[in-house]
């Protein structure tokens, strides 16, 4: 019996080996079928477009996104605004401004559709489909009320078809639609006209069946939905097979009726124009485009040149990377960037190629403006803080000054991230203000390892002193030798009073004042003079200085308001603050940065205690409870925002300081509010750009966010299997779902 | 027997009730109440949030919430997954078969291996084999599981491929995408195959067990019995194989890519899943056999001091008979009881294994749902895991009753 | 001691200088030291002594059921059966002893079975190994040394040759098997190939013999009462028709009435089947009732062996005397119940000389220095004492 | 009577001294037995090595604790001169850069750097010294494990004694509770919990301690306490008028403590292991630990199947430390088991 048991064991082992070797796939590409295999890091939640249009994860947008088309689109490399379903961009001739007409109190826009565009089931894409998608569907859903329907559908619908902007959409003829808007907003261009188009024939009965019942609509199995994009779900084309095996893979098959197939695109030719052309069926299009900075000229032919795009689902990055290196997949869809170790893995396999691209996002730190000394507001939970004096602003500036972004990103992060000073990412080159910088950014340990820390500390201390901060034991920084002694016990200043100052008039200083600050309207340049000392206004129109002893009056060169500060008593000592940042496991980079910032701040006597915290807890504390002192998080802004940075309003406008809103720090600056509103209402892009540039300057010095850094997107693909027409692109190939419509298999 | 089982059943129902209550109150006592997280989703508008509060019954007094919670558990309304937007129950039904197949296989192997080795090392106490097995067992038992899993992947999936040029083992997932792309098994997808496999496994196990018992009961000559056993097992395995290749719906075939001959049948899909199971099963087996082995050793050491073992020896029975039929048979009893404990351990190990092998079962679901803050799902997964462990508890009880006549005939 | 004194009887078991110690953390426990005795066919020997004096150790040594830490030091245990050349073949290479024609005894390693009537033994004579041809007559008794046997041969002798009734009958039955199956297991092992009905029939007979309802065959041990278990154990011990049964405290766990009943029945069975028996008990009353011969043990040593009446009437060893006086005799004359002073010695460091001397009222200096030899005192009466009482 | 008073009174030792003596004798006996358990000794040796590395070598390297400001001599300074430059070897913020006088800039060494004279076990993906992190991790592991185990022992002993002493409903309740706790897959439970609450070092230790305390240890200690409850001296104490509390805390608990220390070892193992797994998944808010080291390695992509062996120093030391320390406590537990559980003893 005993021997038999070993025999059985041997048989089992033999079975396993046989199993392994018979099912072992030889290293090589499948013959016959042209399959483009990609790796994904998470499963889909649904294949029903209706759910996705409400809240899409990045993975769903990769798989389901390619099925839909819209009126307009942005070119892949230079992000030009070009027509897709529409025949041409309805710009006012000679400008980059939409040709909006006023009609009965509404702004209208007429869009002509291309002819010959077909759904994957062979029927034509007509104005009916457009009107249905943009207006009828929500109206049906809302029981006849468009606004109600959009609200009920929620998510992406509300974003692109905002009823406060969009009034109605009408069909003029089979290939002509008219949009009516209630007023101008930048959202017309980048939201309403980007709306996905669904087939009316397919969806209308389904919408009628589920009026007002979103769960029913979203619960439908809609795998046979016809597509007008390059890809369709296998089922909609009656191709055998399963489009989505939960937890394992998802598949798209090429749409045989794809309109753009075979079209050659030149994003910017020698004549400075965007062109499309194709011989059969004939198609050509030309459009003037601006010459803004961008990568090399991109010329390519639109595919798809593959029969299928398959998305293999992995549970973690490591196995996905290994699969790429082993050649089980051709491209890894990894929007999170690649750490050096992953790159090191790629380097072990010469057939894997990588490309680094800028990503559109930011990592930042912010403070609770409702608490002293970050702002000077009361400590109530929901109270909005109004920036009545400049203590908070100076305090933030001093912390900003202490942070050495260049050093951390270059050395510790090894360039997987780059320093960020503005609230707009440099990836968004048209809107990015490259002159924006942080206070004392010129000192960095990267180039001046001995002196920079002392210089930064010295500057930060001076900023704090200029609004009357004192210490139990002040920090000492010897700029000459670089010696630094940490301070302890920061004490809040006490506001003695304020006074309105006429331009150039002397304002008397109350007794006991040790520092004086001033504020002038935004955009005004002014100087504050106190005896021999002077201070220039910054971009936010604020200035402050430590008052030389014996000065009786100060002068402000423009009309504004002057504040006086005296030293605080022991009771005003700043309590120890908690600084919550994502824990090392969630994001080691931010955790490391957090610990470093904590250390730098402590050196300046700022009593901050770092608390690495789980991501979800941070989110709850910040956005849902608003119970925090400092925090650090990041925003990934996606490519859709590569148009105007409309998100700025969400982050910094007073309107969004409520619980659950994005302006969780409670930043409320009426002047910034005004700028944000003006920006969103500006039709002229160049004027809007000017406003955004100014906003970036103001926000950089007023620092509602202390922006830290942004990461690099790394694409990795099997060079022996696939060729892409271009790889240099903001947000990388990942940003266009792996470019399955452009890729060619070797 | 019936009374015993009834008693155990009542006890288990009480335990289940207490378990649910405990989970409920732990969640209530948490500083960041899970229902708060549920309704504090930043994507929700204020009105929607209030609606949700009403829908969830969170405006109701706690005792009412508690009873609703219990009722919902019983009727299978475990809530909607936040991240998936589907009923939690659906997701569990979808993920469970995958975990079940992996775990039942691994646990059976681990248990048998642990039993066998524990028996041997106790019998040969003080010899080299005891020290070696103890050291190996403890090493695997306490080894940092992720490290173990990664090392196995490295050895079998990477190094072996480098040496042989063949991809002998897959590194992740539970099926080969290329093979399955043209297969359309309906809405449940691969779970159909998992179902067939589980049914086959269950039927085989039941048959083997029953047949073994019958043979031992009615055939007394060792040689004849052994032949009958071997023949019966071979026959049933052949029968199972025949069912899979020749009898619908098990033997159904699907179109496939040319690479696979244009046709792929269910049995090939099952083999594909088995192929993907090898490494994860090995990992789970390695981490959990140690516990059984050490326990079996202790139990066996206690048993061989019993008088009936000496009596069995005195009867002139061969050493093997004494060891296997008397000592091991009795030593097995406490080990079966501890089976439940090792199960909890296996579930823990399973979370790690499933994550590292991208095996989308319950463990990975639990981890992902926590990372995505999908608390209805996370909690349901935890509760379900508990229920699963309870069921295993019951199975262990039945097995125990079968093994111990003192309980069977109580 | 030789067998010569009892030439008229057939030898069953001969124990010579048996010494077995236990290894423990604290030192070697000298559990059995130089024990010597002989048992004849159909005879019942009672081993008596205080707890921990080595009685049970002898029993398990005879069957070689020793625990791991047992250290066998020296001695022989010859187990006799009528000579059969076929069976003798199996013991080639092992020490054997041939007893025939009354006194003649040959000891040596069995080299060859030359013919039905001739054996070749290898024996040590004058310090040299020599091969001695032995002529055996058909009535010869062929003894094998149980101590030297290997495991398979030992397994044949266990139960078929020597079976055992265990001290704690409660625990000697495996709780997970039916009692009938446990008996059948023994029968099937020793006489393989019997049809199940026949085995069952045999078990039923045994059950009737020991007074259990045969319907209990298919019951589990926990369904038996204590007395029934004891009877079942006896039935099991009888199941293979053994030549010798060792009954280790067969009735301790039972109440006096049942005890007495079972003992009587066992005595009857023993006489009926003409078996040899070794009773082990600390209770001299029990021993007296069932034995033909009594061996008294003290601290791992056999101090006195004699026929039952002899021991009671003329004990030679002071310890035996003390033991007898501790036993209130109903039949015999009234004696003063003496209590024995002192405590049983520590077997790790037993007293030098006679082990009983610290407690012996007759002890002299000699007793403390030299160990008395175990020598014949009268006919079939052996004792180890410097100052024998009679 | 007079003789009784004048007779020299026998001086009884105070009760604590008697107890101490008994304790000492018990400890010595146990040690003598423990010494025979090879696996127990092996475990103890490993623990000792770790302890010395974490609590002796590490402070020596780091210059001991910083004295408080008000301390008259060397206030605000380290107790002794550190052997390690804190700037370079800080486990969390160490900077591995080398300043080049010649080029007036940092020399960028590639991280993670392999073992070298400067960094004996190399550096992590962010350039921090691995050895320093390992040493730091020892302290974390010990503190977490022991703290959790003490909570376990405290709860388990109390509950076990109380359940055994009172029996009835109290007993049933705690036993059923223990059943449930045994069913709870610990890691799964901790994962869910970490999503619900801030799981930092101490809260993790407390949760682990509570989990252990109400779990299997209660069952074992209860049965032990039951055996003690029926001992005559308990009856004697009751007759002498000892209250429930007195009997439980003075008589029962001291007698089941040895067993609970045995279970303490298993709790330590489970605590260290759980923390490592949770950190590995990134669910604990902790600045540095062994599990986190592996997590960082994995996050940074050095634990891929294709390059893990190339960058072995990033994960192997931490992984082996977890394995060895867990195994060591487990082995000590088993060694103790052989003392406490006589049936396992080799006779």
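By written order: A, B, C and D. Residues from 1 in each chain.
One rule holds for everything that comes next: a contact is a pair of C-beta atoms (placed from the backbone, for glycine too) under 8 Å apart; a residue touches a chain by one contact, two chains touch by 3 or more.
All values reported here derive from a predicted model rather than from experimental measurement.
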item: Centroid comparison with chain A (C-alpha atoms), farthest chain; value: C
item: Chain closest to the assembly centre - both centres taken as Cα means; value: B
item: Euclidean distance of C-alpha centroids - chain A vs chain B, Å; value: 43
item: Computed distance of Cα centres, chain D from chain B, in Å; value: 31
item: Whole-Å gap separating chain B and chain C, where each centre is the average of the chain's CA atoms; value: 54
item: Distance between chain centroids, defined by C-alpha means - chain A, chain C (Å); value: 93
item: Multi-chain contact residues (two or more partners), chain D; value: 194-195, 197-198, 281, 283, 298, 303, 305-306, 346
item: Set of chain A residues in contact with two or more other chains; value: 318-319, 322, 326, 616-617
item: Residue list for chain B, restricted to those that touch at least two other chains; value: 32, 37, 125-126, 150, 153, 157-158, 171, 355, 373
item: Complex interface listing, chain D residues touching chain A; value: 92-93, 95, 97, 99, 105-106, 108, 111-112, 125-127, 194-195, 197-200, 279, 281-288, 292, 295-307, 310-311
item: Complex interface listing, chain A residues touching chain B; value: 1-2, 4-5, 16, 19-27, 30-33, 35, 37, 42-43, 45-46, 51, 55, 154-155, 218, 221, 240-242, 244-249, 251, 308, 310, 312-316, 318-320, 322-323, 326, 328, 616-617, 619-620, 623-624, 660
item: Residues of chain A that touch chain D when the two form their complex; value: 317-319, 321-322, 325-326, 338-345, 348-349, 411-414, 446-447, 449, 583-586, 588, 591-592, 595-596, 599, 611-614, 616-617
item: Interface residues, chain B side, partner chain C - complex; value: 125-126, 220-221, 306-308, 310-319, 321, 326, 329-330, 403-406, 409
item: Complex contact set, residues of chain B against chain D; value: 14-15, 18-19, 22, 26-27, 30-34, 37, 125-126, 134, 138-139, 141-147, 150, 153-154, 157-158, 171, 294, 298, 301-302, 305, 340-341, 344-345, 347-348, 351-352, 355, 363, 366-367, 370-371, 373, 375, 378-379, 381-382, 385-386, 389-390, 393
